[in-house]
Each structure stands twice: as structure tokens, then as C-alpha cells.
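Next up, some structures in C-alpha cells.
The same chain A turns up in both complexes below, where it pairs with chain B and then with chain C.
Right after this comes the complex of A and B.
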């Protein structure tokens, strides 16, 4: 088993998962169906809000359907898509009986790393398709372009880290739906708050770079924390 | 093939699932070339004992040790020296036989060229079926492929849970030949079975009975 380093083992698992996904399309199918139907619903629901102005607490007129609001809904969409698609990554191994075979052949850390890499790739691909479509359909602007890309990238990777560890926990508990929500919600809440905080910054002009960097550090730091803790504790989840 | 001394020892192994005690005080030692049969009724815990030997499950009591060349192997890395065929250990249905072999081979640091793959498949009676998806295989063909993957790294210890499951007469002969080859190569084979014919392949039997 350990003739190979965990890096090589995780890359082999990543390649295997990609190959299997091209044939079964389990993750892409689940995420695609959810994303496109949600995208359509959001677009239709928001048609009536285009051009509507509201007065804020200071008496200023602001659009009812502004960029920050659109960005929030985009992340809600991506979150649900991630949890709909990525939950299969470990459940599938347990249900088909291949989890035991992997346990015999692979180091636990390699399994985690391989699955994280695969989930991140899938989520980035979905995000790459959904985000431009969403922007076209809702008229959402990118705001400060470098900030927008940084938030999208760091947010997607961190979201994938959360979804991966929750998927592993849920698969082992054999009560997928309930545990997925119970364990995922606290982590997801923190992540969404951090992402929304950073996303708002895309639409605020600031001379200070710190104003842009600080919220991104929050997302990246949270992602690193989740990945580190998951990697350290994964063998407790994975092994019987 | 090396002829390093191999000693697999189980000492006072006991296991329970929740409040249900499965068994206690299972002890045995298997050395080079030995074939040991673990026997017992359905639900007696034979498969669980194999998982404990493989290091996939921790026993509640006792321990299992594997010494190779008189050196104790790290329990966390024991599975490196083990091949395991079990109904609970499935292969990837959506991948072809060759893709499964390549994937599990890569995990063990082994790479095979086309000629080697052809020979390996022919050895278990799957000649010309390497490009078929495992999901399209019959249960007997899947079992043959499991054997191929379990022994392709020439493990010091081979664990067989219900070795003849789903196999036809030809398949059973392949397994019998494989066990013979391993015996000649000085390897250890442990099989869990209820079948008297399969028990005859072994040098000794360890009866397991639920407490």
C-alpha cells in the first residue's frame, strides 16, 4: 500500500474519480439539474424587480435587486449545488462496497486528498459555467474584477472543503440527509458569512488594499482550517 | 519471489458488535506455505476475523501481528502485505477490468504494460475481456478479477472470504491452483469457509463459534 506516496495515491484516486464521473455523471448530473432549474427560477422570479427602487434607512433610493443581493443568491445556488452533487463522493463508495477495497489499498489521508481534489475540480467547473450564465440572466456586475475572481475562487475551494468533509461524515453515519444538514450547517453558515462579507467588497470602491485583502484572508483562512482539521481527523471518520 | 520468514499470529482475539459478543480467545499462528481455514456457521464472525487480520477492523480483545523476516510490521501498514478477496470488497463497476487493475496497481506502486495485462487476465480466465466494464461482468467473472487484483502484488498473506463464491468448476480450479502456487512460493493463505471441499485445501482449521 505504502509503496506509493500519499500524493501519488491521491492523484490516482482523482484520475479514477474523473474517469468514473465521465461515465456515470453522478455529480455533474445532480449539480447541473439543480443549478439550471434554480437559475431559471431565480431569473423568472426577479423579472418584476428589475428597475424597482427602494428607499434605504438614510432616505436614499437604491435598487431593490442590487449586485450584492444577486451575489448572495449566486452563492446560495452554488452552495446547494455543491451539497447536492458532492454528497455522492463518499456515499457512492460506501454503497457500492468499494470503500472497503480502498481502505485496504490506500492511506486515509490520500483518500481525503483525492476526494477533495476531485470535488474542488467539479465545483470549479460548475461554477465556471453557472456564474457567467447567472451574470447574463440577472445582469449582475462583477464590480472590481480581481476581487470578484479572488472571491469566486477562494469561496469555491473553501466550499468544496466543507462539502467534502461533511460528505465523508454523512457517508460513514449512514444517515446521509440528516447528518449532512446538521454537521454542514454550522460550517456552511460561517463560510457564507465570510464570502458575503468579501463579496460586498467587490462593489465598494476603496483606495486601501487592506479593505480588499482582509475579507479574502477570512475565506482562505477558514478553508485552510477546514482542510487541515479534516486531513488530521479523517482517519477517525474513514476507518471502522 | 522471496522466501523471507513470514509469521502471522492472532493472540486472544475477541470482538463484539455493540452488546453482542461475537467470540473470544481466538489464537493461531500461520507460517510460510501454510494454508489455514477459518470455519464456522453463518454469522459466527469469520469475515470479521479476516477484516481484523487485514487491519481493517480493530479487535476488542487481543491482537494480530505480522512478522516478515523476523521484523514486526507496523499494524497501520499491515495491509501493504495483504491481498484480500471478499464479497464485501467490490471493484468499480463503471470502469473496465484493465482500468481497475491499473488503478489498484498504481495505488501499490505497480504499473503494467499491455502484454502483462493480457497475461494476467488470461491467467484467471478473462482473456479478451479486459476492455469490458466490470458492471457488465457476471458475478463469477467479477470474482476472478478480484483474485487477480488481490494477488497481483504477490502479497505475503492472502485472505479469502468464501473463496469459491460465484465460481464455476473452472474458476474453482484457478483458485485451487493459485493457493498451490502460493504454498510453493512460501506465502501464507487464510480462508474463511463453510464448504468442506474448500476446507480440504487447508493444512489446519480454526473453528470460530459465536459466544
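Right after this comes the complex of A and C.
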């Protein structure tokens, strides 16, 4: 163990991963292609609903394919994209045998922090590309702009927190790929319920700020709790 | 056969009898209140589907605590692991029972077997969480210590989504479920309390008994597996 602090160690790991990513572009490429295809599939599947109006229970006519619906599907897409690409960060350390080097030279918490930082960066980049494309292709509106950005940002960060810890768990098991999705998605479903609840607020004109803040606290709290517990327990996952 | 198991048999028989003959038809429920009789089985199952998760987490934390501690006895580690896994399996079982009884109740009372009520949503996600825990365990075959350690970590981390499911989601979103049946005794009539409270006791005892049986059977299976491995090594 060298005498760098864990912050320096995790930043070094982050730089290493980022450098490897700029050379191979595996994670970004996989998630990009995956989510773009999913985006096309969703837009094609829903093209028939464009302009269709429905009557709700109060007799008002509302679009069948509305903004909250579009937002929910965007999040389903991002969840699956995260699970398509983020397992890579731990799996390739095991595959190339570099996991042992990391175990020798770095604190487990620094590995966790570095990987979390890297995964969050990649996922943010992907959602930064995919969200505007999705908005153009499906005609989704942003609604209340600050709320929209808050939901997107807090959702993406929490999503990458869940995906990172499940990726670390699954990388230690056999048949990693299928397991990763099956183990992680039930946990993400809860987050998705919270995000959809918050996303609905983007499209509701509300007088009080509480209406906006409460669902966001739900998402941020979820992410913070996951990160805290993962950091506490990471050495059980990482070390033999 | 210990005394409390006979007591459990009598108690469960009383609950089944009482559900149909002691409790009166409840006002405001379908089929002249007869539909409400299912709550003597539905509510304890639903409560135990969450309690089981807390029990599982308790033993998962104990397992990790023992791993971090100075004296790592193999028996104690194995014991906490099996208890955690068993509680998860029982949670899965009670979750299925609560979902089925709830769906029947919803079909009769609300007119549709599935309404996307927040509690219905949370119980299916809970079911998925239990299933993914069991799935994670199947991914480790040879290394039981690693399986125990990693599934304990998963159990502890998945506490966050389950707490959200059990307490936060049904309170944040609008639910059709009554929320005061248990927390406010004045809302429940005497003939219901006479059956519902014994029913909780019966389900508690049933849970403990199932847990004991399953833990000892998994220990026996594990011991047999180890013995076979030793025999195979000896033959070589």
C-alpha cells in the first residue's frame, strides 16, 4: 500500500479508466448504440399514438402519448442502457487480471470511489447525448426547466450508484452478464418509481416549491443511502 | 414435539374457524361484508413478507459483523448465512401468498384483480427483490464462503429499496388500502380483533417453525454435500 490518500488513489483510478475509455470507447460505445437503438424502437412503437387524444375521467381531452409517459420511457431506456454498459468497469478488471493489482495497491474505498466517479461520468455523457435526441424524435417537452434538469441529474447519479455496486457484486460471480441485469433491475425499479413520480411534477404547474422539492429528496436520498452503504460494505465485495 | 407446536395447531384451527364463524360481516365491504374475511390471512402474510426481510437483514448484518470480528468460527458464520437465506425464502413465500390473497380481495372488493395500487406495486417489486437475492445465491456453487459474504452484502444494500417500498412509496402515493387497521385499534371492531390478533400470533409461530425446519434442513444438505466432496477426494 503506498501512502497516497484515498482521494488521490480514486482520482488516479478515474484517470486510468478515462484514458482506457478514450482509447477503446467500449462502455460509451456500447451504451450509446444500445440506447440509440432502444430510442428508435420506442419512437417507432409509439408513432401510432402521435396526435391521438383521449378523454380522461373528468371529460377533458388529453394526449394519449403525453410528456410524463415519454419521460417514463426515457428513464426505462436509460436504466437498461446503464445495465448494458456499466458492468464493464468491474468485469474487465477481473478478465484482464488487473483486479489483483488494484487490490494490492489501493484501498477498497478508493476503488469504489474511482469506479463510481467513472461510471457516473459515462452515464452523464450518455444521457447528455440521448436526452436531446429523444426529445427531438418524440417531441417530449422539458416542462419546468429547473425541475427537469434536477430530475435528470439526480436520477442519473442515483442510477449509476445502484448500477456500480451491483456491477461490483455481479463481477465476482459466474455468468456475470445475465446476472447483473436480473439482480440490479429489481432495485432500480424502486428508483424508477421515484423518478417517474418526480418527473410528473415537471409538467404540473405548481405554486409551492414543496411540490417540487419532495420527490427530488426521495431520489437524492435513495442515491445517498446506496452510496453510503456501498462504501461501508465495499471491502466485503472486493477482497477475498 | 414441543408444546408450542401443538398450541400453534390449535391456534391456527381457531383462526380458520373464527374467520368464518366468529367475525361478523364488515360494513362497507363487498358480498355483504363476507369479502373482508380474507384479511385474517392476507394482512399477516403481507406483514410477514416485510418482517422476513428485516429478519434476513439482521442475520446478514450479523454475518458481516462476524466476518469483521476477531474470532471467525465457521459454524457461527454458516448459521447466520443460512438463517438470512431462509428468511429470504420465507419472505418470498409470504410475498406470493400476500399477492394472491390480495389479488382475490381486490377482484371482489375493487372489481379488478390488479389496480396498480401503490401497495400492489410495492409487493410485486418486493417479490422481485427476493427473487433476485435467490438468483444471486445460485451464481456461486463451489465457494460457499463467498456466496455467504456477497449475498449478505446484497441483502444489506437492498434494505434501502425495501424500506422505500414498505414505508415510503405507500405513503407518498395515493393508496386505496386502509392504513389504520393495525395502527389505530379503534378502527377495527371487537369480533375482528378476536380473530386478527390470534392470527398474527399463529403466523408468528408458523414463521418461527418454518424457519427452524428450513435452517436445519439446509445445514444437513450442506453437510451431506461436504461429506460427498470428501469421499470423492478420498477415492481419487
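As a convention for this text, the second predicted complex is superposed on the first by the 234 of 240 C-alpha atoms of A that agree within 3 Å, B and C clash if a C-alpha of one lies under 4 Å from a C-alpha of the other, contacts with A are read in each partner's own complex, and residues count from 1 in each chain.
Note that contacts are C-beta pairs under 8 Å (C-beta built on N, C-alpha and C of every residue); 3 or more make two chains touch, one makes a residue touch a chain.
In this text the structure is predicted, and so the values were computed from the model without any measurement.
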Superposition-derived comparison: chain B or chain C, residues of chain A touched: C
Touching partner for A:208 - first (chain B), second (chain C), both, neither: neither
Which superposed partner A:172 touches (first chain B, second chain C, both, neither): second
Touched partner set for A:61, first chain B, second chain C, both or neither: neither
Which of chain B and chain C A:230 touches, first, second, both or neither: second
Touching both chain C and chain B, counted on chain A across the two superposed complexes: 240
Sites on chain A touched by chain C in the complex: 165, 169-170, 172-175, 179, 182-187, 189-191, 193-194, 197, 214-215, 218, 222, 225-226, 229-230, 233, 236-237, 240
Chain A partner contacts - residues on chain C that touch it in the complex: 64, 67, 121, 125, 128-129, 131-132, 135-136, 139-141, 146, 149-150, 152-154, 156-161, 164-165, 168-169, 172-173
Interface residues, chain B side, partner chain A - complex: 51, 54, 56-58, 77, 79-80, 82, 84, 86, 88-95, 99, 103-104, 106-110
In the complex with chain B, residue positions of chain A that touch it: 1-4, 8-9, 12-13, 15-16, 19-20, 23-24, 96-98, 100-101, 103-106, 239-240
